[in-house]
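You will see subunit A twice below: alongside subunit B first, and alongside subunit C after that.
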Partner chain A sequence: MSDKFDAIVVGAGPAGCATACKLARAGLEVLVVERGKFPGAKNMTGGVIYGPVLDSLFPGAPGDIPVERAIGRHVICLLSDRSSVSLDFNMAGSGDRNGYTVLRSRFDRWLANKVEEAGGIVAAGLRADDLLWQGQRVVGITAGGDEFRADAVIAADGVNSTMATKAGLRVNLSPENVNQGVKEVIGLPREAIEERFGLTSDSGAAIHFLGFCTRGVHGGGFLYTNKESLSLGVVVQLKALMESNLKSVDLLESFKEHPTVREYIRGGTTVEYSAHLVPAGGLRMVPRLFTDGLLVAGDAAALVLATGRALEGINFAVASGIAAAETVLKAKERNDFSKESLSVYEKLLADSFVLQDLKTFREAPRFLENQRLYQTYPELACKLAEEVFRVDGKPKKKLWQLARQEMKGRVSIWQLLRDGLSARSSL
Partner chain B sequence: MSPMTIEERLALNKYDVDTEAHIRLNENICQECQPRICLYICPAECFKLRDGRLSFAYEGCLECGSCHVCCDKGAIDWSYPRGGFGVAFEYG
Partner chain C sequence: MNIIVCIKQILDPEMPPVKFKIDAQAKKVIAPEGIPLVISPFDEQAVEAALRIKDAQEAKVTAITMGGQSAKDAVKHVLAMGVDEGIVLSDEAFNGSDSFSTAYVLSQAIQKAGEYDLILCGRQAADWDAGQVGSIVAEELGIPVVTLARKVDATGGTVRVERVIPDGHEVVEAPLPAVVTVSSELGQARLPTGRGIVMAARKSIPVWSAQDIGCDVSRVGAGAARSEVVALTLPIHERKGEIVSGETGAQAAVNLALKLRENRII
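Let's look at the complex of A and B:
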């Protein structure tokens, strides 16, 4: 079998579906190749798509998009082994929303349906194995023993992107540039979720944890509310995990037993266990984004913002997918799919938040190498809070005295200042 | 919530198991390898050590790619399962 398409998209995730949807709507013949037996079958995420990026593809979003809950409450929670200190930003009652929790198996399937509605072909259960070349130019893919040809191929095949690697645009991933996420989806009645997290019927909470959840290993924990389930997980840098001799699943188990977390998930039933890698190297790991006949989008291009204060990937995937489609449309007008013609892609990304955010926070990965973020500071915050709030019948000390007392043996003033300055310039 | 074994965790997921493994090990390299980081790094604990021999139980693989990234000995011939096979997340 040999067919010629205008574009072949590898991967029916948010990046690939965004590209395919836009191209199919413009009347192009688009084939999406997805290795999962249905779109979304292989895809897992912590669980939040932030910002308004879906609006441009689906006006009036969320509309009928299968999102779980609109985020109205953001919490940053520092954990010691037995207590926690939180910064809790709550706008759940105001009606204002910024992002949605999603379960990717459902969300991605819906996106792929939209591609088909627009006239694109989605071939699920088909794994792209290799690229087809004509000289230096990519002219298609091989999948399931067949050849499929196109003017442009879009590699949206995720963090382990076979296509971008085969195209020679990137080297293999290295352990300091990727995080491993493990997650449980925990079923819990809707009423229990809304009561425990102080939510109204459609609003949701996103809680990010630092400290005991990874037992000091470079990484963090997350807890997101879905309609009738919670997404609970830990994300750790592969390099740090390798050096710790700990297993992420054991970190997840002890995270679940932490007194603060235990109460949130009480009575729940785990319904799924999943794992995935997350690009976390920032701008330094973004590969070359295009070559003759090929564009790379989403996780495949490492377009993920991981700063410690933000972990955003789906919005970056969708935005890069849209930019890839705009690039292909321009190339189609010129009937020129050379890398010179496709270089528009990088300009579009550079003009949008995608590359601008990665540039702004280019130093964040280095900042996040600081071991004190994962043990010393969360412990310090919890111990200090414990002292501040404790009434034990003895004369009290002033705040600064308490702080000095708790810092002793943990961190010096100079280290604290240095870390503060480093945070200022990185975050 | 009570702790779960890895087997109990994987039993929650849906799999379409292929007849052949999608990941293969170079036994000669694995035999000599220390500290066998794959034993710790695999979130599905697919790497098993039996009688001093390392093997890969592909049936429970979560297809994350961690082993491929972490093995610096080049002992892992890694790919995703064939189209349609492997794990199929219902939530994700």
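Let's look at the complex of A and C:
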């Protein structure tokens, strides 16, 4: 067997599989190495793939993609310790959908199968340990004690990317630019889900929470509907978590006990528990994306959009994976895998939503450092709603009077204005 | 030398006990979602026995498994260990097969696979622990069987087996072709190498149906089972705690000793 491939992809997540699929379809010899026993074995995500990013690889998507539900209802929910206020965008009945929920172990496996169908080789249970160098150029990897060579290596090995680190492209993660997520998949009968969330048989809901779900710690909660289960989790900034002396497991536990959430998950049984890191530093955290013989894609390159509401990582991973493949194909035509030749990659990303969105929201991470987002404002909203909706036989006040009353001791009008302006410029 | 190894995928014995669920009514084990099956450890050791023979001489090792959707994963794993070929036997008709019909299916496949000198199986599958398949395969093929091997050497038309017995081992020789079932005393199975994993990922694995191997369908599946599960229950684990105390540490120790004696533990 020849151990030389056209391309070696490290990691069979969405980024790696997208790259490999595109390369294999173009007839290149591609090897994907994945450390999990099977693709997706240990991977986790919240669960929503946003936008049409899969369409270009799999026309007619969702087609046979193992998606759980198509999102027809988006909710933003602010939590105090005992009540909630929501903004509910519901198009479930209209037939319009945007995004799908997925479960990784199934989804990643399916993606990897597509790579194999296209002629790519997916070697699961094999961890890439190091890069192979020839001078300044990456010429392959070592894995399982053996060497594998390729014209191009694509580091799609996720948030902790050893490959990008070994290539000297990025620095190690730091607690302020990475979030920790913990999630439970809670099994519930299909009918119960559809009834509780007001869904039709193919539609799903995505609910994002702010406030008590993280007990005031910088972060948020999410609840997504699958076919016969719910994905419920919290995502918190590692630095804030460490400073709070709380554990994310405990946050998840108290989140589950919240009266609003408790009703959603009532009678369910936890079938899966997982924890994972996710890049959260925005554009500032994005490392150099390529060097001689190497490209970095997906979480490995910190290509995740976090705006405080949803997390968009899978679509960024797939889009960057496709761009990496296009770059390798161009380099192959020229038979030149040098830095200069691979710089096409950055141009492709800069022309697409990947770098453009990160640029648009480059100030978001700084804005999200604002502590008031996670305690003061959700509580204020809940209190205000409580006052507005309460009829207690006493003379009523106008909304503005109520607002002033509830703001007292919580936040000054100037702070509120400043935060508002800052939100306007960063979100 | 042509060596065939029969392997079976089972529920992961290391999985958390809470995930283990049964349907007592249907007398069936409910497969837990999200936990991949593993190769029965004895079968992995049977593969190891084959590879040790192959290390020492020219040999071709073929693995055969009967199973469902994930059976290919088992075959891939042993290909990565160094096995040359793998075959999956899969057919709705096989569902519910007991040891007898499983052995029949395997022996049909072995005959179709070509010439064979040595057939290796695990001593028993680590799920139901029946330990019958190896012997029945030998019966079906009309060849000798040696069970519970801790060492297997095959040369010049005979197989020499160190066979585990309660107080040591005995050495048994049989003419080839023969079936040998392998016990855990053989030692650890090897881990796949990087190159092995990539090579395995490249191999295509044929899937044979009942028809492909010329099975008489009246001899396979639940309908043909000769054994019957009378009842299936989960063991109940009871934990009882008692704190033995005393005025001093020494006294507490004496009380503990007395208690253990009372309960005939020491």
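Definition applied: the second predicted complex is superposed on the first by the 423 of 427 C-alpha atoms of A that agree within 3 Å, B and C clash if a C-alpha of one lies under 4 Å from a C-alpha of the other, contacts with A are read in each partner's own complex, and residues count from 1 in each chain.
The definition used in the following text is that contacts are C-beta pairs under 8 Å (C-beta built on N, C-alpha and C of every residue); 3 or more make two chains touch, one makes a residue touch a chain.
These numbers were taken from a predicted model, which means no experiment stands behind them.
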{"item": "Partner chain in contact with A:3 - subunit B first, subunit C second, else both or neither", "value": "second"}
{"item": "Touching partner for A:31 - first (subunit B), second (subunit C), both, neither", "value": "second"}
{"item": "Which superposed partner A:272 touches (first subunit B, second subunit C, both, neither)", "value": "both"}
{"item": "Partner chain in contact with A:41 - subunit B first, subunit C second, else both or neither", "value": "both"}
{"item": "Partner chain(s) touched by A:122 [first = subunit B, second = subunit C, both, neither]", "value": "second"}
{"item": "Partner chain in contact with A:105 - subunit B first, subunit C second, else both or neither", "value": "both"}
{"item": "Partner chain(s) touched by A:146 [first = subunit B, second = subunit C, both, neither]", "value": "second"}
{"item": "Comparison of subunit B and subunit C by subunit A residues contacted", "value": "B"}
{"item": "First (subunit B), second (subunit C), both or neither touched by A:320", "value": "neither"}
{"item": "Contact residues common to both interfaces of subunit A (with subunit B and with subunit C)", "value": "37-38, 41, 105, 124-126, 143-144, 271-272"}
{"item": "For the subunit B and subunit A complex, residues of the former touching the latter", "value": "1, 3-4, 6, 9-10, 12-13, 16, 35, 37, 40-41, 43-45, 62-66, 68-70, 79-92"}
{"item": "Contact set on subunit A toward subunit C in their complex", "value": "1, 3, 31, 33, 37-38, 41, 105, 121-126, 142-146, 148, 271-272"}
{"item": "Subunit C to subunit A touching residues, read off their complex", "value": "33-34, 36, 73, 77, 80, 192-202"}
{"item": "Residue numbers on subunit A that touch subunit B, as the complex places them", "value": "35-38, 40-45, 103-108, 124-127, 143-144, 159-160, 162, 172-175, 178, 180, 182, 184-186, 229, 238, 241-242, 245-249, 253, 256-257, 262, 265-277"}
